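In the part that follows, the structures are each spelled out as structure tokens.
One chain, subunit A, appears in both complexes that follow, with subunit B as partner in the first and subunit C in the second.
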Partner chain A sequence: MASVMKTTRDVKGIGLSILRPDGPDKVTGQVQYVADLNPRGLLHAKLLRSPYAHAKIVRIDVSRARALPGVRAVLTAADIPVLKKKAPTRAHAVLAIDRVVFAGQPVAAVAADELAIAEEALDLIDVQYDVLPVAADPLESMKPGAPPVAELGTEADTSEALAHGSVAGVTTEAKSSKAVNISQQARLQRGDVAKGFAESDVVIENTYRVPMVHQGYLEPHAVLAQWDTAGNLTLWASTQGSFNTRSEVADVLELPENRIKVIPMECGGGFGGKIRALCEPITAVLARATGRPVRYVMTRREELEAGMPAPQVIIKMKTGVKRDGTLMALEAEAILESGAFSGAVLAVAGVFLASLYRWPSFDVQGFEVLTHKPSIAAYRAPVAPQTIFAIDSQMEQIAKAIGVDPVEFRLRHLQREGDKMANNQPWLSNGAVEVLTRLAEHPLWKKRAEWKASSKDGKLRGTGLSLGGWLGGLQPTGATVRLNPDGTLQVLTGQVDIAGTNIALAQIAATAYGVDIDKVKITTGDTDVAPMTGLSAGSKTTYTVGVAVMQAAENARNQTLEIAAKELEASVHDLEIDNDKVVVRGVPDKGITLASIGKKGNLYMSKVEPVLGTSHPAFSVQAPAFCGQLARVEVDPDTGEVTLHNFVVAQDVGKAINPLQIEGQMQGGAVQSLGMALTEALIYDDQARLTNPSLLDYRKLTSADLPSIETIIVEKPAPHGPFGARGVGEPPIVPAPAAIANAIEDATGVRLTHLPLSPERIALAIAAAS
Partner chain B sequence: MAKQVLSFTVNDEPAEVLVQPWDTLLEALRERMGLTGPKEGCGTGDCGACTVHFDGKPIASCLLLAMQARGHTVRTIEGLGKPGALHPLQDAFIRHGVPQCGFCIPGVLMAAAALLTENPRPSEEEIRYGIAGNLCRCTGYTKMLAAITEAAGATAGRRS
Partner chain C sequence: MRRFELVLPGSVDDCVKALAQAGPESKLLAGGTDLLPQLKNGLLKPARVIDLSGVPRLRAIEPGNGQGLRVGSAVTARTLELDRAVRAKYLSLAESGALVGSVQVRNLATLGGNLCNAAPSADMAPPLLALDAEAVVTGPKGERRVPIAAFFTGVRKTVLAPDELLVELVLPNPGARSGGSYLRHTPRRELDIAVVGVASQLTLANGVCTKARIALAAVAPIPLRATAAEQALEGQAVTPDRIKRAADLAVEAARPISDQRGSADFRRHLVRVLTRRTLTTALARASA
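The block that comes next holds the complex of A and B.
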């Protein structure tokens, strides 16, 4: 798969900015999302959610709700025998049994003829709670004696880490017996840290905090469930992985997987938040109870209060270096607040903290801590932005403290291919050095002194950059490529297209087979018909499914050539594909059309086998992908307001299969990163209730907050990627928090370590410093 | 409560539809009329995904009761342009590769179309504020700005 397929002519395939085929449907409102489906007999579902973060359910009375005309079902946990008290995952906690563990946890479910009736029914359900003490703060929650979150004996859930397939060699330990809410622990150590610090000239210590943030997809979670009379369930889902949704629903409801068909609808944004099952099981149960199709669409308030956000991450970090810049020791403690259910990618956090730069000694400890908040999930490069914020801020401060150029300092210590990561795995080929070098050559970086000196009207100007990345996920997958009777190609995968990957896969098929892209159609099939595949997550769709499609297309090409060889009585080695026909090299009039070969594969009594290229690879080699970001800012020291004047994203994509789609990923990822840096936070009160459950108060960046995002595509081929491609989606969300913090320090002299870098924080820090 | 008849003009056609008195205009369009182009992203007027034209002005259709539209004129994304006769903005959005997940796009296009009607030659700043009520989580707005800027030129050019 490392070999780049030699095409016989320069086909219209990889490397071109081909437009997505779904563009026309998307600009005319024709694309269908789950909430747009309206089958005959549709019922609408609503969930009654706990107003308390931690409470015992004493009694639930649903009799008045059941009596309301138009209500078709009202369910509590007592009506669903498969539910267990020790729910191992959030998906298993379909409805609370006798205790709620976060505000917004569902305790009852209603299906009714109209949404308004379902809403009215919720008001008629009477729940009596005994409110219990709340673990609202992770630092308190990890102490012995804190109010317990999980049921005793519940195992930690590390499947998210496995799903992202990111790190090997780190064992996360079971939780300690005393601290009831520590659900995972990990420790990575090398060398003698105490000696390292003793021999250091400059020791810098900071605590970095990144709050819980929401993935922010515009389409709230939605699902439509329907059963047939034979007991087969169909789910129309907004998911990043239809096979994963099928497995989770099958597990929760104790159904055979082949009884469930998941049809992935257009996904209105996922970013990690639509990997795990959430509302699918309860909707399926309501559909079974009523014998009708049931649609459930979460409100935005429910999304913010009871979605699956990114964890709060608190990192205490201490670094020691020699006056000449020699790295000596790194000590870090990372606390990942997971909410009410385990599932943080703790090992990834540990590896990122200690692996980017060449620390001869380090001691990194990680704790996953449960609190009475909604449980977390992945958010685009899970924990990479948070950990890179810490380590990159630290590198910048060290460079400043010893008076060296911050880019040269990073480049001097950056780990290279073959160097050992913190988990002792070697760094694989990557473009970190190339990305940082390209960014440092940018005029905005070279002219940073001029920009700073140009400060006027009491505003302060500064420039900052940061480098971060993602290790790249892996998961087995599959694809088929068929030759149609008219000579066109049909590509089938089960991969959900959440990022424009289908057009890239079609381009790969075109180039690998040897026809122009307009001859290729790609389909994402449902779980009944498509080859099994993994999540659209971990920046691995193009990297892994691209290989499957490439191999399936090569396989189809070989079958095609073999058939042509027989028909033309020529050697396979003398044949080439010239877009719509197979010709004998050097004999241009001796050939057979692809249509003719395709037709023979579908003729009555034909002895020619139909062309069906297949591939179902598994993978072992990741492709790390790095992104650097550069910010030019202006800060008003009185108000703390930051104006972003320019923002540049440089990223190693291995090989740009479709530059236009890649730019879109880089720009969108960068703005999510900037949101985390500047404005976004889920803010909870001391009873773990969300205080900002609307998009007015959960502040995402708008077009008016931003400049246009400049992109620089760097191509350092990934040895095992399809045509050298590496993952693209996640790296651009990583660097902005540190880049902005570095720029603010350049402008104001103030170092900020808590996100978001809000005007209030900035103004207070400036006031405190002066 | 009994349903009521809402008579109004939708996408240049007279329409009559039975709605509940508590239905929002967005619900009437989506659930009662099958016009699912406008999306519900928040239901509180903060995200702009439900933007439609109400007597030519952009509004959040999730904040208006359906019956308030009686006798008025509404245009949804379905009435902005059709395949083969796309609005210049739709055409520019396709060519610039703007839509990713696509969920915000109908609202952004309706906001941008209203902006260009009112101000055929907007500055970059005016475009940025013109769609500031429309949240997009995928694109970072950069390609949107380029597409609207280009379409503004195209629209103005066509008229002159």
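The block that comes next holds the complex of A and C.
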């Protein structure tokens, strides 16, 4: 797929820092999100949600709600015949049937003329519940006899792992008749672990815990649904993948896919939370029941209570090494709490745990456990931050215990290209070593002793770093590139731009075709018109769609040159594109403009074929991408408050197509990573009800908590990426939890293994230690 | 949010009348930073909302008796943060205003709203307790004064009757050699609610503490004074040892619960730390 470009001059394309063209519209409020759409006859939807995490629905009486003026429809599961009790995914569980399995699960739906009327109608629906025992804690829920979550015989959902395409060669199995809530389990083994530990000098054992966290996209889930009289459904959606949304809605509502058109609206962030369908099916059903366009926009509270957060991850890890630092054995057990529906990327967790460093023997087990909480979804490099927190905290402690430099220790044992991962697949080319080396050369790392010694006013100073990464996803895709009658280029994909990828794709088209970026326009088409494509997830948009766009542009270029060759009566090989025309090399006045070639392709009675470059590649080679982060902190030992003085992100991006956008991804990812490290947690009570359902108590970091974040772009070309590019979206969310834990230990001597590294945990640990 | 009728009185009298007519189904609206989230989340569903933004008297800051200060209930947190008269003698109150929410929230949030919402964590309450403030309340039966220490009766409960409104706070002059400080702990630097808040005020004469006030937020259903800790300082020279002892006594006054914002243990720990720190600052300011 990699191709050598034969451009004869430097076009303004890849490598330039170009502002996103959609930026000004976004910051000035001009962009239309789903919530801004206001078609004639619009109705507003609201969902009645269960206050209980586990209860039998005895009776629902909607008669009073239906009688409220302005209410157009009130539906329960009984009104939707396609619903099945054994819902395999959250999307299929449109409304609860007989039993609710998490607090916040929709039980009834209302469409009304005004939002306030829809809300009033919710008050008028009488639901009688029989409250049932709750499985609120994954460790309890794993035990035989725990209250069951899924209906007996519901299949585990491993499609999320497939969608991320991240690991091959691990089979996860749904299992265990006794432990009803273990929905998947996996095991990876190599060598003799018992012997490895027996021969170890230093054995370290810890349990790491990372709570459920929410992706925190600015725009909540939102959708607008409308049917035409012929029975075609149109969905204006905030989604990370319009074709996936179409497939899921088609599956849930038992519709042919070509009867559904998904129009991907401007997406105000997704981070994995907008991959799977959530409120689309019920909104479509309400629209059908009323014959009117219906819009549903989740509130922030609903997002936090009943969105699709990241799983809680509990990792027990035991490592054994020789005093000289030789790695001997690794034993780990990872428990992923998935909430009420299966769907965790269990295999990814297992592979990560045993594949980063060269453990000669390992035994890694993983369990996906269901509880009565909202079901989970992906969150930017799903389970990588959680597993790297465990791995990297552990590596740091081992280095400390045997008294070696922590960077050298990591570098010595890091798996290199060709080494076997835990699933026996070879590691592919990656920049892990380069990234870690760059961080270790950073003055903040070199001067860490001075920083520590400079502690004053009772505060303690420290430095920490961590290395993590992401294997990179794959999915077939497609793109077309057309030459317009005025010589400009038109790129079409179905790929949703959630990260500034469209400008990068346009830059790729410019360079591959041979025109400047200002000649290129890129459009994300809807599912009726665009070439089919995958999710904007798995750090694969630039990596895969970039290849499609590059090939389509090359294809269009070749078509253009062939037409020019005929027109100029020259050989294709003697031609080159010089921004707005095709010229014969060495004969500057012999040429034809792109505009005239474009025009001929759209002229009445013309025999010249219009230029239409196409590409629809599938992929088999991933591009792992690594990110290292370094934190310089100051800790108030009395209050446990952590002040971040400096934060550095170094990342291998393969080739920086648009450095500015990449830096934005690195900084944004780092901020989310730091939030997981320091403050974020969905906190549930013993009845599995969320106790912090607002952004005041669910603490994303604000700019007041953050220093300016330094970025270091490392370029180790990905052999199969477009111009060598790798995915950049996910890696920067991975390292901060371990980097901060390591920095806190450097400052205070206290090692913390549970996230978030809150002031309370820090202060009480310091108090207990002294 | 449910539909409601909005009333816009132009004076305190109109407001009292509107309250009397509206009955228990009505709510007063100042900045709305507490009320609106409660309406949106369906915790409250009032039929009528009485908006105080058109009542100028409630926004006034005026000199009080004996060189004290009268602060209207609708004075915003941002004004408390910046107002010269407040900063001159009541720095702890200005500090508490400066800590609320973000600048956007502070431009809306009012002193009266903070007190009448009566959250155990309300930041502006401890400084007022430490400053011996009085609340001026009015209703159909006329005006009455309530010492701020008696204003709060429980979580989200005050002495206000449903037809009464808080007009202003009367702050006595703390005197020349007096200094105060308010500190709170939050996991996040901005936009967060106090896990514990502590206000201290020390008044000195001839090197001896003549009056000590220590008030705590978020460690009991209502904001509390740590009176035993105060007494341990009064009549004494304030030394680091005595500050330490007072901080220990303040911990005994706290009756914290564990919730999603912090455990009871951490809250006790913070009372000790923040009492020590606010007393140290108050002493420095009183001595300056």
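The rule is short, and it goes like this: the second predicted complex is superposed on the first by the 770 of 770 C-alpha atoms of A that agree within 3 Å, B and C clash if a C-alpha of one lies under 4 Å from a C-alpha of the other, contacts with A are read in each partner's own complex, and residues count from 1 in each chain.
The rule is short, and it goes like this: a residue touches a chain if its C-beta (ideal position, glycine included) is under 8 Å from a C-beta of that chain, and two chains touch if they have at least 3 such contacts.
Computed from a predicted structure; not experimentally measured.
**Student:** After superposition on the shared chain, which partner residues are touched by A:T702: those of subunit B (first), subunit C (second), both, or neither?
**Tutor:** So A:T702 meets both subunit B and subunit C here.
**Student:** In the overlaid three-chain picture, which partner chain does A:T679 touch, first (subunit B) or second (subunit C), both, or neither?
**Tutor:** The answer is second: A:T679 touches subunit C but not subunit B.
**Student:** Is A:T639 in contact with subunit B, with subunit C, with both, or with neither (first, second, both, neither)?
**Tutor:** second
**Student:** Looking only at contacts as defined up top, I'd like to know whether subunit B or subunit C touches more of subunit A.
**Tutor:** B
**Student:** For A:D113, using the defined touch cut-off, is the partner it touches subunit B, subunit C, both, or neither? Pick first, second, both or neither.
**Tutor:** A:D113: touches no partner chain.
**Student:** For A:E219, is the partner it touches subunit B (first), subunit C (second), both, or none of the two (neither)?
**Tutor:** In the superposed model, A:E219 contacts subunit B only, not subunit C.
**Student:** Would you check which partner chain A:Q661 touches, where first means subunit B only, second means subunit C only, and both and neither mean what they say?
**Tutor:** In the superposition, A:Q661 touches subunit B alone.
**Student:** Check whether A:S694 is in contact with subunit B, with subunit C, with both or with neither, and answer first, second, both or neither.
**Tutor:** both
**Student:** In the superposed arrangement, does A:A670 touch subunit B (first), subunit C (second), both or neither?
**Tutor:** A:A670 contacts subunit B only, not subunit C.
**Student:** Contacts for A:E760 in the overlay, against subunit B (first) and subunit C (second): which applies, first, second, both or neither?
**Tutor:** second
**Student:** Following superposition on chain A, which residues of subunit A contact subunit B and also contact subunit C?
**Tutor:** 116, 299, 694-696, 702, 704
**Student:** Subunit A touches which residues of subunit B in the complex?
**Tutor:** Within the complex, subunit B touches subunit A at residues 20, 22, 27, 30-31, 34-44, 46-47, 49, 76-78, 80-83, 86, 89-90, 93-95, 97-106, 109, 127-129, 131-146.
**Student:** With touch defined as at the start, can you tell me which subunit C residues reach subunit A in the complex?
**Tutor:** 1-3, 37, 40-42, 102, 185, 187-193, 195, 259-263, 265-266, 269-270, 273
**Student:** Which of the residues in subunit A end up touching subunit C in this complex?
**Tutor:** Of all residues in subunit A, those touching subunit C are 116, 119-120, 123, 299, 301, 638-639, 641, 678-679, 683, 691-692, 694-697, 699, 701-702, 704-705, 758-760, 763-764, 767.
**Student:** Which residues of subunit A touch subunit B in their complex?
**Tutor:** So the residues of subunit A touching subunit B come out as 17, 19-20, 22-33, 35-36, 38, 114-116, 215-220, 266-269, 271, 297, 299-300, 498-500, 660-661, 663-664, 667-672, 694-696, 700, 702-704, 706, 708-709.
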